[in-house]
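Below, chain A partners chain B and then partners chain C, in two separate complexes.
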Partner chain A sequence: MKKRYRVALLILVNIFSAFLLTSCWNYREPDNLTLVRGLAIDPTEEGKFFLSVETADMHQAGPEGKVKSTVIETEGETMFDAVRNAVLVNVPRLYWSHATVVFISQKLAEEGVLKITDFLIRDAETRLDVHPIIYKGEEAKEIFDVKPISAELVSEEVMDLLHAQKSTSKTLHVQMFEFLERLANEGISPVMPVITTKENKGQKTLKLSGLALFKKDKLVGYLDEEDTKFYCFAIDEVDGGLLVVDVETEGKQGKITLEILNSGTRFKAKYKENKVTIEMKISVRASMNDVQIPGFPAEEKDFDIIMQMASQQLKYDIENVIKKVQVMNTDVFGFGSLVKRQLPKVWKEIGKDWDSIFKELEVEVSADVEIAHTGLLKKSIKRGD
Partner chain B sequence: MRKRKILVQTVNGVSKSFKKQRSLEDSLKQFEEVFKGDDSFRVRHFASVSQDKTIKFCLLYLDGMVDPDILDTSIINPIIRTDFSDDSIPGADVIISQVITNHCAKKSRDSQELMLAIVRGDSVLLLDNSIDAIIVSSQGWKSRTPSEPEGEKLIRGPREGFVEPILDNLSLIRRRLSTPDLKYKEMVIGTRTKTKVGLVYIAGIANEQILNELIERIKKVEMDGIVLAGMLAEFIQDAPYSPFETIGFTERPDVAVADLLEGRIIVLVDGTSEALTLPYLFEKFFQSGDDYSLNYVFSTFSRLLRILSFWLTILAPALYVALMTYHQEMIPTSLFMSILAAREGVPFPTIVETIGLLLVFEILREAGIRMNISLANALSILGALVLGTAAVEARIVSATVIIVVALTGLTGLMTQKIKAPIVVIRAFLTLLAGFMGLYGILYGIIIVTLHMCSIRSFGVPYMMEYTSLNPEELKDTAMRAPIWFLKKRPKFIAKNRIRQTDRSRQR
Partner chain C sequence: MQKEVISQKQAILLITTFIMGIGVTAGIGGVSKQDVWLAMLISMAASTIIIAVFCRIIKLFPQTDLFNLLDMLFGKIVGRIIALIFTWYAFHVGMVLISTISEFIRIVSLDSTPQCVITLVTGIVIAYAVRCGIEAVGRWVTIFFPVIIVISLSLTLLAINMYDYDRLKPFLYDGFKPVLQDAFTLISRPFAETVIFLGIAGCFQKSSNPYKIFYYSMLIGGFYLLQVSVRTIILIGTGNTSIQMFPPYVTVRLIKLGDFIQRIELIGAVSIVTSVFTKATAYLFFVSKGVSHLLNMDSYHVISTPVVLLTAAYSLFLFDNAVYVTEWAEKIFPLYALPYQILLPIIIWIAAEIKARKGKSNSGQNLSTANNNAGA
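Up next, the complex of A and B:
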């Protein structure tokens, strides 16, 4: 009998300690949460933060479960202050775990994003997989005025857009943790995708437009969509997309579009005569999907010509992007970290002067485009006379 | 050990045995006294008359318990027609051996035994001036024919099920097991009911230690009446306070025979159409007789489904509560939004909503289980209409909870055999989920697992085959290997473990 009491006591002690040792013991009714899906941050003139929080409003959802976008605007001295001030406007507190995108206004990004990101990282609810995006325009809050085309919420539409860009490679899918990793590491600078609004049949719609380049945590410049694609080649992030090649040979001239099947880039850092050079070898497998030259290619060697021209143009475009970025003087390619990885001894000496070295860095690009197949047509359609 | 109050009762006013020769009237008086007030007690006087003397006999029986044909043809008729003139006074032995044509007759002078015989449907023949009486087997009552048990239907397999008389059940088993090694040990328990309890086992396969332990435990049972096999099971099973049953039951003789061949022991209880099987391990919950007649791939799939159902039925409401109230971040966003939309306007907290609906489901189940078929229709309309539609439309509960509870109920129906533990564990885990979220569920599962691993059934660990790493023992657990792979009987349960030779499937 005594033993049985002891066992019961032991079980009780266990259960009670289990209560006390939980780290997540706040019972929250889901009804009392406001589901945050997206956030736009603007600076105010007094140096405060102005947040526009897009929430998935289920209150009028009804049995069909139709979601409505409701934007809550709030203002505060700091990010957290602003978030808490939302209670002044809306009672159910903001729930951040399902937030997907953070739109940062251009102006704020130029001042530095660290004062925003700290809250987004430190808070227990926010997740590191949110997508930070720069809004190129007047004020980031404008983005929620857009009527999305395929989704109910702007934030969801932007997410879908970002994910769809695998087939264009014209933007880079960046999540908060990737941004932070780049920010924290030496020899590499962070980037963020850029979004703007544009007119589409008289209505404002969203448009992804390239990348924003950062130096430390400050926005320093942009790459447009085309440049972004070649930038992606230079960091080996191409999963798809098109290469439009201008072909000019034997009196025939026109554009040929290649679809990238897969692409790989190999890097090598070299140190010779006190000079660092980077070697970049790109090999692309592509299929020829759109030929606008009648009767071309006709022979086997024509393919060689196309491949050669495509390779040349790709090499030229990539070199061009590198030059553009070197002018902005921010190492978004991670050449510095490449040197650090491959030549750690050299990095120890030159690491602190990397800014000035990067500006003058010599990058040897070689590209090799291979045409794997030609779609459903073997030869181009001939015009019958 | 617990002290039991001894409840042995003797038949009122009857001395232990007849002490001396006495007249028929004296003996009869004794019986009439005992059966006073029982109008079905019959006394039939008759006599054998020969030239020189008349010998009186008296036949005692209970109407309705005996087959009158047997009395007519094998007792009364032969005695009346026999000429006893040569003998002085015929003794019981002479009458048994020369007169009575019944297959089973024995003499006795123990009044207890005689009374019991009458009560059991045998008849007692009293002789004049004799110390002995004769018990003649004359039981004859109606019992139903073996039919397929409702609770254990199979797609393929025999359509016979156990019936109530114990010997009919034994014959159902023995017909499938033609070996003299099949042993039947009869015991009588219940001081008033005198219920026959039969232990059936195969000598040479069954583990004697288990058998002896079982006999010891049954001997200790002292109760006025054992009416059901389940009552006996509660007396003799291990872990009596646990919701888990450590003694199984089956209504199918084929399943009982399969258990016997695995070295298990079957306990038949007179008057109950089910057999207890022991030792009973956890994996038996997920096995079905069909598993062995259907393709092994399909059987394995069905078993995995049953195991999955078990997990779902104990976890679904708990997980729902934990995810909805603690870990909203773990639910995919779109799913969370549709759940939120469904919950819009529901006044109760999630935990109350879930537990309340679970309770309603259990009420419906309990109401339907013992209900007249004509009322069952009304019940299903009520359940489907009131709960399914009206409650959601009136925003009393959310549609999601209905789905969760329906899933819980459906998967619970699939694992009917484990009903009792499931109800307890499910409620336990749901409450823990309400208090502590996923952490609580994990904690609850640990407690339940520890408990299950600590139980034994007649010395055999309850979770033996699931906790084993030996491939030989895993062949008939979550999966069902082809029959020719199952070469050995389960460890500890069987003494002789080899079941088949390697030759049984050779090409």
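Up next, the complex of A and C:
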């Protein structure tokens, strides 16, 4: 009797575990889902949200595995309303777990991005590692008119572009949770990468172009590609990229390009006589490439000259970016949070006036560029006259 | 009926997994933010005192579970009233745990499944575990404990290139008060919650050392929780952690290593659900034992299924939504649990100490017969 009871119970438990493990209540086959890869958000004139959703069309994915990009356009009072309204034009529900990028139109970002981020982080399907990007141009939906060069989908192409920028450091790789963490903390303002379209051989293509700077959740200004590189030095996010140095010595003049091998920045906040100063020490190891001066460098001391000039120019450029950002008055460098970390007592006093302090903040930059090797050549070619 | 016995190792693993079961809720470091590690260490240090009380009770009357001990110390009537109060407490917390598991499963994956289905299925699995007895659960834990540990440590290692250690600074920015507040919360949940194991202590092997069992579990479980909470902070930062419902789960979602190790959150969810399941099982063991004792039944096995299903059914009406669960766990539970975790154990301990002295001075015989009766 007891044994039979046990067997019955065991079968019952097995059946119920099957229910628990399969998640089949709202059974959805992958090929009946619309896989969202990217999303572009525009505000409409009535204050609604206009979404262009780029989806990977799985139906036509043949054995070659090529997916086609399909764009679904939808509109609603709120983000979620707009997403649900997509069912009016496309039956299979949008599936958000594989969304990688969100293009936000300039206009919307100027009004504030909090309106759209909440849906993107609250919903169980979307992920915190989605990449928010500002579209610089008329309307963000234009971006899906572009025909990508190497990938099938615009969103995938943009992701590839973002990942490839390690070799230029001319943009910053920002994920949603990083953006939000900067937004939530005091003494640091968030940034987002910027994308535009440009002509390439008569066709529109994508182009990453620098950074968008935020004050709280509102877009306040831009940095161009070159400035972005120096901004990256100032937040210690440089993994690669080039330094073009103007060399002028003993009648010789020209450009030398250094490739950054690695770079590190050390920060120190100081408080003296009721004034905060930030000390920033940058050390760069680079290799010499692309020398445009005939017969230079010839001797050991020439390298010292190049290193010295490179360091000076780097210092000047970084100071320049800091000044530019100080005019926009948004602390995207996180100097405030640096003070908070290193001098918490000082921050308690001055934290609430940080906006006005940041405008006049003194930053002492020192740069040290070191040449590690010179490529395949040991000397530059001479003109024989 | 033969007495159930679990070995010292099984007891350690069981209590450790029980302590790790906190990981599902936001509870860790609600107010202390980046200083959560300090709050954790302080609470571990502070809870050694109360855990010493539990151990001393077990040491004085080994092989005796809480309910028989209460009868012995306070007489049939008062002892049973205390037993009833304890059983109610375990029943209530058991409800909270079942509703935590079902809310978690519902929010993170089965969003259209009615909650009663998830609750029922969870309840049946727990009922089966309780029915099988503590020995079976002890053996089960020896298999699943390594799984949980390996999963959690490998998740920590996989995320290693995403850490930003600056997020642990500034140290003690808001002063010591929030740290102490969190430390207090952490004592009540999970460390002092191990009071529940007084009810199971009768099953500990004769040769096992209660101090070893409890302190080892507290250390392993405590450092596991420390690792999870610090990982959360240095990965997503305090701003994100404070708004998330299940921060450890969210961090797992972010892990991405190349193109092939990504979207592995279900593995993390499995380890979370497993540890909370162990915790709920321990609580419902206690309830079943308590109820069977109060009703003068020989064994708790028969009563376990109705008890667990009743708990599961009630858990559906306990909270209106998941936000209340975390609110309750963070704000009300530490105070609510105070009498059960600290006050009553201390009273029991004092009574036990007096009884043991008396028994020794009168004759060692009384005590040993009482023990034999209780163990039978």
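The working rule: the second predicted complex is superposed on the first by the 360 of 385 C-alpha atoms of A that agree within 3 Å, B and C clash if a C-alpha of one lies under 4 Å from a C-alpha of the other, contacts with A are read in each partner's own complex, and residues count from 1 in each chain.
Here is the rule we go by: a residue touches a chain if its C-beta (ideal position, glycine included) is under 8 Å from a C-beta of that chain, and two chains touch if they have at least 3 such contacts.
Since the structure is predicted, the reported quantities are computational estimates derived from the model, not experimental observations.
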Which of chain B and chain C A:95 touches, first, second, both or neither: first
Chain B versus chain C as contact partner of A:67, first or second or both or neither: first
Chain B versus chain C as contact partner of A:32, first or second or both or neither: neither
Chain B versus chain C as contact partner of A:127, first or second or both or neither: both
Touching partner for A:200 - first (chain B), second (chain C), both, neither: neither
Which superposed partner A:340 touches (first chain B, second chain C, both, neither): second
Partner chain in contact with A:185 - chain B first, chain C second, else both or neither: second
Partner chain(s) touched by A:56 [first = chain B, second = chain C, both, neither]: first
Shared chain A contacts, counted only where both chain B and chain C touch the same residue: 19, 23, 25-26, 97, 127
Residues of chain A defined as touching chain B within the complex: 11, 18-19, 22-31, 33, 35, 37, 56, 58-59, 61-63, 65-67, 95, 97-98, 100, 125, 127
Complex contacts: residues of chain C adjacent to chain A: 107-114, 117-118, 120-122, 124-125, 128, 131, 166-167, 169-173, 236-240, 242-243, 250, 253-254, 256, 263
Touching residues on chain A, where the partner in the complex is chain C: 9, 12-13, 16-17, 19-20, 23, 25-26, 97, 124, 127-129, 175, 177, 180-181, 183-185, 340-342, 344, 347
Parts of chain B lying in touch with chain A, wherever the complex brings them together: 324-329, 333, 336-344, 346, 349-351, 399, 434-440, 443, 447
